[in-house]
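Okay, so chain A shows up in both of these, paired with chain B first and chain C after.
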Partner chain A sequence: MGMIRIIPLSCALILLSASAQAEWTLNLTPGVTEVSRSVYDLHMTIFWICVAIGCVVFGVMFWSIFHHRKSRGAKAHHFHEHTAVEVMWTLIPLGILVAMAVPATATLVDMYDPRDAKLDVQVTGYQWKWRYQYLDQELDFFSNLTTPREQISNTENKGEHYLLEVDRHLVLPTDTKIRFLLTANDVIHSWWVPALAVKKDAIPGFINEAWTQIDEPGLYRGQCAELCGKDHGFMPIVVEAVPPDQFEQWVAGMKAEKQAQQQASERTWTLDELMAQGEQVYLSSCAACHQANGAGLPPAFPALKGSAIAVGDVQAHIDIVLHGKPGTAMQAFAEQLSPAELAAVITYERNAWGNSTGEAVSPAQVSRVLAGEGAAEEGM
Partner chain B sequence: MSTLDTATDDIGHDHHGPASGIGRWLFTTNHKDIGSLYLWFSLLMFLTGGVMALMIRAELFQPGLQLVEPGFFNQMTTMHGLIMVFGAVMPAFVGLANWMIPMMIGAPDMALPRMNNWSFWILPFAFAILISTLLMEGGAPNFGWTFYAPLSTTYAPPSVTYFIFAIHIMGMSSIMGAINIIATILNMRAPGMTMMKLPMFVWSWLITAFLLIAVMPVLAGVVTMMLMDIHFGTSFFNAAGGGDPVLFQHVFWFFGHPEVYIMILPAFGIISHIIPTFSRKRLFGYASMVYAMASIAILSFLVWAHHMFTVGLPLVGELFFMFATMLIAVPTGVKVFNWVTTMFRGSLTFETPMLFAIAFVVLFTIGGFSGLMLAIAPVDFQYHDTYFVVAHFHYVLVPGAIFAIMAGVYYWLPKWTGHQLNERMGRLHFWLSFIGVNITFFPMHFIGLAGMPRRIPDYALQFADFNMVASIGAFIFGFSQLLFVWNVIQTVRHGEKAQARAWEGAEGLEWEVASPAPYHTFATPPRVD
Partner chain C sequence: MSSPTILRRWWNTLLGVLAGFLGVQSEARRERDFKEGRALHFVVVGVLMAAVFVIFVILLVRWALQLAGA
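== the complex of A and B ==
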């Protein structure tokens, strides 16, 4: 039975691999930072040590298998102890380990020294996206997966960077020591970019530290490394390293964009405009849980189609979208989206999939709720 | 005393043979019956967990989502891990312990036979509860077999409470089994069998049983803390209430790392019987084997945070756990060197148990090498939570623990059944398993190093080729296990009559009794010199 399966499968395998486009990556890559290169060197050193030990151990074993077999007339010897040999093969491995521990300690000490960083970026894990805050530049944005659902469900061909592409890159300057402050909003995530040799857990309620200094401009892709729920496999990281002057331009551009967003919130939107914008926002921010058709995945992710909130009191609807529902997967979107985007998506939820309230929620209405909070906080 | 004897004689006229019907299995206190129950149960769980593994590999055969939803995929990875660890590997070792320890030390039965019955019969209930969660609203546990909080508390499906209850029952079963094994070994050895004459399997289980007693209560504690967080408003693991999610990981891995050795030490014991038998030569370095196992057991309590290098431990903690972990390579190396030296200048034959034992030594050592690589904390940042780790622990658990269990079953099957196994079928099973296991797990090293995280239902295109290879290997491995099932059933039913000493070079008290072993052995203790 086993044999019958192997033959066609292995033929298929050979054909497929001959035509495959993707590279057969076998090893870690040295990466683009000094730390990542020393990690790579450590990796190769310990690898070759293992290969050498393996050659000796398996060599003796296969020598015995071939030469000391009964069918070749081998007679068993009777030794079963040898103190000197046993002490030797305890001490030699110990020596190798000490030799290995020295460079490993040096690299680790270096990785744990984030002093003199010139740029601080706070990285916050959300189910299932990343938020980046540039603390001194006062920039704050979310980074979502952009791979279309059609590619994931195999109805469209997969793009080159399938599952490793996002709407907003984490743009970082090269040749600058950058400190990451990592935390999470809900469950534990882990921020990992292999080319930087940075992997650090993002833990709710705690802040972790890591640092990097990138030598070469380029795009470096990574993924969340800690199981964080349903879409753990769908929250990639894209770091775009640019020369420091370009980074300054990018910061300026981002600030201009922020202003434009504010203006958009102040003008009046038609219901159609809100619905069009709302659908886009819904698909990128809400559909992972509540599904594109609004049916949700109960009980963890309730349906919006016909739900009491989506067709009921509008203030309650605005409140839950802005502030989330503590103790559940429903996040607070007040900080994730602009007032115009919030208004659009709430409007969309109140009018899509047969939820026909006919109500348009205006950006101004959302802004008032947000401003009300600001006033309340100031009052305190 | 004499009246009591008469009374028992009146009740059971034939107390030399088993009772008949289902009652024999439900009410048995016989170590051989209970051993068989454990082994059959473990085989059933192995196949169940295996089907889940094949669903995982089928989904990962190609990029994109084809067969299952991400939520269900997470349930499969979680249940596969839990069932294999607690349902397949651990009960198999307890089954082997039940069958072999009394016969190896010349005892008539286990020290606490009624508790023995109880510790087995609560297991099917535990797993019925665990598996029934698949049918509940919100699905089965989906937070990985390591169930990190707060994913397993605040964000868990409602079935998590059933999962906690199942874990509690499994823990009770393990603790009772461990107490029984310690009581048996320390009190019931035949006259003349001093501790340093104990067969190596018995030594390995004595150490394992102490590990179990030490850490199963820790597991029970951590799931109870989860229960409190979920239902009673405590905040052990909830930062918003003053708790700490990382505390969960510390407590879990304080159980979890010794648990790793619980699943491998008895394997060391089995291999230390099989290699000398088929090398026709005494085990090299008996004393150092015992010391090595004891060192591994002690060190296993001091290395738990190497599973947590990326959680942000302070530098000194990171260094301590790195050094302590590297140290484990020393006693483990000693064991491998001893096995190889046992083979050296022996007179080797390669029957099925020996083939599995040799594959164990080679492939377990490969798993040990990747373990050594993982111990290097700065490099572990690149390996952690990738397929490199998946490759590592499957190398030590599948061709490690599982191959050792199969080697043990093939080795002792003639003693249990009185029949020689079908050697040709055994060898075919071995070669298909050996090839399948390597095709499955070796490419996982590559995709891990290339950057594929573990526990994802879909992946980027550069990982596609090796994933396809791994999936093909998994199906080869999975389906060839049917040969094992078939061979075992055939050997139980018929087959060439086995000698008392079923293998030419076999040594030990278990080979002094007839094959099949009588229902009651060593009613009067043998004399060991």
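== the complex of A and C ==
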């Protein structure tokens, strides 16, 4: 008797725990754009057609099995062909497919029509981050994962937006047709934001087009959808849709920030300032491969702790950080970071984890290399 | 059994090819095709019908794009 009472109770508990995971859902999101809603409607229409076909087919099958069962003395009727039935079960599915193709084609044609876009954003996939360039606004930045390493290695509890949070959002105006130009710098990535119903491959050497027009302000999160290497799951996308006037303010703010960065690379930095800034840059841009403790993951990602480059010739160190190393996973960071950030991270690498060169690399030193003034004059 | 006219023979070949496109054919027609038909006729009509099908698909896509205003 006791057992019988426990069963409904445990069922109720299972249901309760299921409803506790409020965010958890099986179905596609209707999203926040006209295209995403029509994709959702299409998906539901086809889903219900499949349900209806399933009911009819399995209904007839189960009814036949039950009605013509052996215990009732049913005898199988042997015949070789029935042309009329065969033609019917070929033509009816054909008709259903054509009927489904009509709304599907309309949605696809709409998705592939980026004409009359008011804003162009180039999206470039990198291992493992996204770069956004607003072509008319002349804005250009990288968007890096901000989930703390401690959460990834399970030494801290995971946050609400675990692996779906970045330092710089892709800020977009609402009610504006936006065209995305997608490409990649190294391997094939895929830029996917479910709420916008945009999922497009980003392929090196190709430019793919996609577009969106967001109706509601909000934060929409997405991920890379093409396996692109070690940190494929660690390069999320965060779209921040804001009203157009707020977007203008944001653009102005970004331009001011760019100017501030310019000034930062012109002033003199102390070793402590460089170390503090350098640690932050290191954790967001370098630690994925070279690890937070500088030990790397040899042989693909060498250690920086005690490495010949990090404690050797400073010019060689600047050169490899700025220009990368062809044929290896080491990227060129010249475009990804500002001169001040580059100087800070190089300084950090030369003085952290027992690499005690005591040398401070100045932003001006980095700027000179960037401007092509060459390593020759600079010397040691 | 009188042999069918030339026109009749081509017509039967065409029906055989169309049945092949659909994937359904009655046993009686299949036997007749094998008895009366010529392999070369089936190849010629088959290639022609494939071309017609491709042209039909091209026109269908053009028409759909025109409807969408592209």
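Everything that follows uses one rule, which is that the second predicted complex is superposed on the first by the 336 of 380 C-alpha atoms of A that agree within 3 Å, B and C clash if a C-alpha of one lies under 4 Å from a C-alpha of the other, contacts with A are read in each partner's own complex, and residues count from 1 in each chain.
Here, a contact is a pair of C-beta atoms (placed from the backbone, for glycine too) under 8 Å apart; a residue touches a chain by one contact, two chains touch by 3 or more.
What you are looking at is a predicted structure, and each value in this text was computed from that prediction instead of being measured.
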Clash or fit (per the criteria above) of chain B with chain C on chain A: fit
Contacts of A:81 with chain B and chain C, given as first, second, both or neither: both
Greater chain A contact set [chain C / chain B]: B
Touched partner set for A:157, first chain B, second chain C, both or neither: neither
Which superposed partner A:105 touches (first chain B, second chain C, both, neither): both
Partner chain(s) touched by A:27 [first = chain B, second = chain C, both, neither]: first
First (chain B), second (chain C), both or neither touched by A:268: neither
Nearest Cα pair across chain B and chain C, whole Å: 6
Residues of chain A that lie at the interface with chain B and also at the interface with chain C: 80-81, 86, 90, 105, 109
Residues of chain A defined as touching chain C within the complex: 80-81, 83, 86-87, 90-91, 105-106, 109-110, 113
Interfacial residue positions of chain A with respect to chain B in the complex: 1-2, 5-6, 9-10, 13, 16-17, 20-28, 38-39, 42-43, 46-47, 50, 53-54, 57-58, 60-61, 63-65, 68-71, 74-82, 85-86, 89-90, 93-94, 97, 100-101, 104-105, 107-109, 111-112, 127, 151-154, 158, 160-164, 186-188, 190, 192, 194, 197-201, 203-206, 208-209, 221-234, 297-300, 327, 329
Residue numbers on chain C that touch chain A, as the complex places them: 22-27, 64-65, 68, 70
Chain B residues within the chain A interface of the complex: 63-66, 70-71, 74, 137-138, 142-144, 148, 150-151, 154-155, 157-158, 238-240, 244-246, 279-288, 310-312, 315, 318-319, 322-323, 326-327, 329-330, 333-334, 336-337, 340-350, 358, 361-362, 365-366, 369, 372-373, 376-379, 381-382, 384-386, 428, 432, 436, 446-447, 449-451, 453-466, 468-469, 472, 475-476, 479-480, 482-483
